[in-house]
Amino acid sequence: MKIAVYPGSFDPATNGHLDIIKRSGALFDKVIVAVLNNPNKKPLFSIKERMGILKKTCGNLENVEIDSFSGLLMDYAKSKNANTIVKGLRAVSDFEYELQMAHMNKKLNPDIETIFIMTSSKYSYLSSSLVKEVAQFGGCIRGLVPEIIEEDIYRRFKKVTV
Amino acid sequence: MKIAVYPGSFDPATNGHLDIIKRSGALFDKVIVAVLNNPNKKPLFSIKERMGILKKTCGNLENVEIDSFSGLLMDYAKSKNANTIVKGLRAVSDFEYELQMAHMNKKLNPDIETIFIMTSSKYSYLSSSLVKEVAQFGGCIRGLVPEIIEEDIYRRFKKVTV
Amino acid sequence: MKIAVYPGSFDPATNGHLDIIKRSGALFDKVIVAVLNNPNKKPLFSIKERMGILKKTCGNLENVEIDSFSGLLMDYAKSKNANTIVKGLRAVSDFEYELQMAHMNKKLNPDIETIFIMTSSKYSYLSSSLVKEVAQFGGCIRGLVPEIIEEDIYRRFKKVTV
Amino acid sequence: MKIAVYPGSFDPATNGHLDIIKRSGALFDKVIVAVLNNPNKKPLFSIKERMGILKKTCGNLENVEIDSFSGLLMDYAKSKNANTIVKGLRAVSDFEYELQMAHMNKKLNPDIETIFIMTSSKYSYLSSSLVKEVAQFGGCIRGLVPEIIEEDIYRRFKKVTV
Amino acid sequence: MKIAVYPGSFDPATNGHLDIIKRSGALFDKVIVAVLNNPNKKPLFSIKERMGILKKTCGNLENVEIDSFSGLLMDYAKSKNANTIVKGLRAVSDFEYELQMAHMNKKLNPDIETIFIMTSSKYSYLSSSLVKEVAQFGGCIRGLVPEIIEEDIYRRFKKVTV
Amino acid sequence: MKIAVYPGSFDPATNGHLDIIKRSGALFDKVIVAVLNNPNKKPLFSIKERMGILKKTCGNLENVEIDSFSGLLMDYAKSKNANTIVKGLRAVSDFEYELQMAHMNKKLNPDIETIFIMTSSKYSYLSSSLVKEVAQFGGCIRGLVPEIIEEDIYRRFKKVTV
């Protein structure tokens, strides 16, 4: 069975992420969307919330599983019997960083392969942090994130600034 | 009337910024140089000071106006009846970030266009932060910023370190 | 009056070109779409045909004019009293070449400014040569070029290979 | 069954290509290495010879098949029931071109996905054309191409120059 | 006498750094490896420790000297009678930043030249910060840093997290 | 003695090339400017003429020698007892190609090092081919090439087109 891990912060998941998840689902027997628990960053949504959003929006995909991890991606992938890491590529700056990580991960575990999928052109400018920047000032994020979390994103920033 | 907004931190304005302002002035009926009030950053110069520097150095240009803004650039531009955003491009890394922002801004308001002007080759290596890095250690910044603020930049760093 | 020149080979014009033309029309009093007559290249469509396609597809835009030129762009722009060159930017590789040209053109005539507009994300992968590559083998080019020339493009390649 | 196509000119196959083929073999049920028959290029090795080299060097891999194609890659992939295209990525310049092709191919057939695998760092500078450039002047190509074709590559250039 | 300065944070020195040092030693009469004392950053190793690691691992190279500096690199280089700065280049993102710094340094002192050496392809993905990221979670860093400091790096992170 | 080779087509030498030559002269005991004799290209100036231009414009530099070569650069450098290759870097696209060549050359002869010098910012947009493109249509090339060859460049194109 071909198992792939799609790691990320997903804080929150954007429509660009969902597009990659759907397309990955067609390539592998199982895709594990793995939310990174990074203690050095202050996320807008908790790990639990981020997993909840992914479950609500990808829950209908049969071979997609939502999970979280901390520590080294390679250790996590091995524990899940995954032999592939999936990454989305948007721009040249993504590419260089991802290439560096892929080489390092290959060094850490040569049995696990990193593959890259290009982000759909209509989402090429999209990132979780840009969505948050826009939402913070009340800009329209319709079409950028799953509709069910739109309201919630705006609400977070009101709390923060109050 | 064609109104353009040239947004930035301008902390402080460099000769590269002034070059873009002058050249933009020749392209549009009015250019509004808009200093971004970003509460998340600790600037060397206050908004008032940054606007003051720009006024002193571009005040002689008839169709150039100095202003400040906070929040979304697209909201500000609309409130000023501007239909164009002007950005300077130096390097590939600029380009990718600016392309991403331009796409997002197009999504937020399709009626406002972002245009890019290349930085003059003699200023291609110049940025406000690099100027501050050099000045902090007493390096020569002659020719990089308007002469009238040279002394002031050095003085700030002496205050900070005392 | 602000006059801009949008130069290119337009062999043939794609929907990406038309998008740039429309948006440029909103920025300037007059936009001259200038088809380059390059004797070193063997085009699929003649200068006359390329201008014809542009006229049919942009003819309804009031302030857009279709023309052709040979020789130096700066000489042509000056002869038309244009003070701006418009270029579309898609990718980093575009950017570097265009930056080089813009610097050279600035040297040739400092009074004429080059401005860059980003290509719409949905056309980011589009170029005349890629359209021809696809059409040559009968691939679907619907949505990539103006519908009125679709048939004609396929026909050209049949002639060539017969 | 997950079938992938790895297309290329392979004129001749380098050790970088063989590395991608082996790694792809671990990701898919079947990998079809598809030699492009491009009538516009003058190859050093004929299609038959290029396929022969690949067969000799990858013949021991159970799920790898060697084939050739002409025309549109998407048409070929569909005819083989492949749902994935594999591409190797070395550098930024590769990346931009491949991204453009991947977007166009997605447009031509949304059911077929392009995935990218990074070239091993030790082959990051390797390309068929660079190997030929070196061999042409008698430079050492040991370790860059399969040993069984080393001699043959040198011999070709002697023929050409005689 | 041709004296070169190779500046950096070296927190800690990686095998990629050592490779550049050895190769620089063959190009110049003397190479001064200069550890930057940056008060704005919290290093894993102190200046003294970083210099100690470099001395242990490059001490056998006759014309290599280990030193530290703070303030402007150009001031330091001049005080050492160096006429060259050596920098390693790995990726495009390195390149742009380094080009900017080289231009600025040329402006500060036109008599001192910056030269770039490409990082060996096997170390192209290596950086001090990536090594620390891996070590922090117990990943294997064998072959990435000098063996004598491997243990020490792991130990630091245990202290930090306890 | 430290001997460096600065290879290129120099068809013709530009002021950017001369800048690199002068600066290289300060770094090495001897710099050999080596004009590549590439039988696959049709140059504007013959090898003899290109060497003549370089001699006239760099002849006053004591430690600079003008020569020509064909075949592999590494073979030529070795025959001249050079241990360094000098290359000028302008843009990212230069960088990637040069990095690839440097890695290959390292493979061919690990004893010869390639170093890169950044092109002066005022020549960052300059190349021999762009100069020819401009001159071909009578554009002003003053300041881009040595004055003594300006007239000659224009004359060549008149011959060609007559």
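Here the chain labels run A, B, C, D, E and F in written order, and each chain numbers its own residues starting at 1.
Here is the rule we use: a contact is a pair of C-beta atoms (placed from the backbone, for glycine too) under 8 Å apart; a residue touches a chain by one contact, two chains touch by 3 or more.
As the structure is a prediction and not an experimental result, all values here were calculated from the model.
Novice: For D-F, which listed pair, A-C, D-E or C-F, repeats its interface with over half of the contact pairs the same?
Specialist: C-F
Novice: Count the residue numbers both chain D and chain E use at their shared interface, divide by all numbers used there, and answer same if that is over half, different if under half.
Specialist: Counting shared over all numbers used gives more than one half: same.
Novice: Could you please state the distance in Å, as a whole number, between where the Cα atoms of chain C are centred and where those of chain D are centred?
Specialist: 34
Novice: Taking each chain's centre as its mean C-alpha position, how far apart are chain A and chain F in Å?
Specialist: Whole-Å distance between the two chain centres: 48.
Novice: Check each residue of chain D and list the ones that touch at least two other chains.
Specialist: As it turns out, chain D has residues touching two or more other chains at 92-93, 96, 99, 102-103, 121, 124-125.
Novice: Throw together a list of every chain pair that touches.
Specialist: Chains touch in the following pairs: A-B, A-C, A-D, A-E, B-C, B-E, B-F, C-D, C-F, D-E, D-F, E-F.
Novice: Which residues, counting only chain B, touch chain E once they are in their complex?
Specialist: The contact residues of chain B facing chain E are 91-93, 124-127, 130, 134, 137-140, 143-144.
Novice: Chain C touches which residues of chain B in the complex?
Specialist: 2, 23, 26-27, 83-84, 89, 92, 95-96, 99, 102-103, 106, 113-118, 120-121
Novice: If you look only at chain A, which of its residues touch chain C in the complex?
Specialist: 92, 121-122, 124-125
Novice: Which of the residues in chain D end up touching chain C in this complex?
Specialist: It is residues 71-72, 74-75, 92-93, 96-97, 99-104, 107-108 of chain D that touch chain C.
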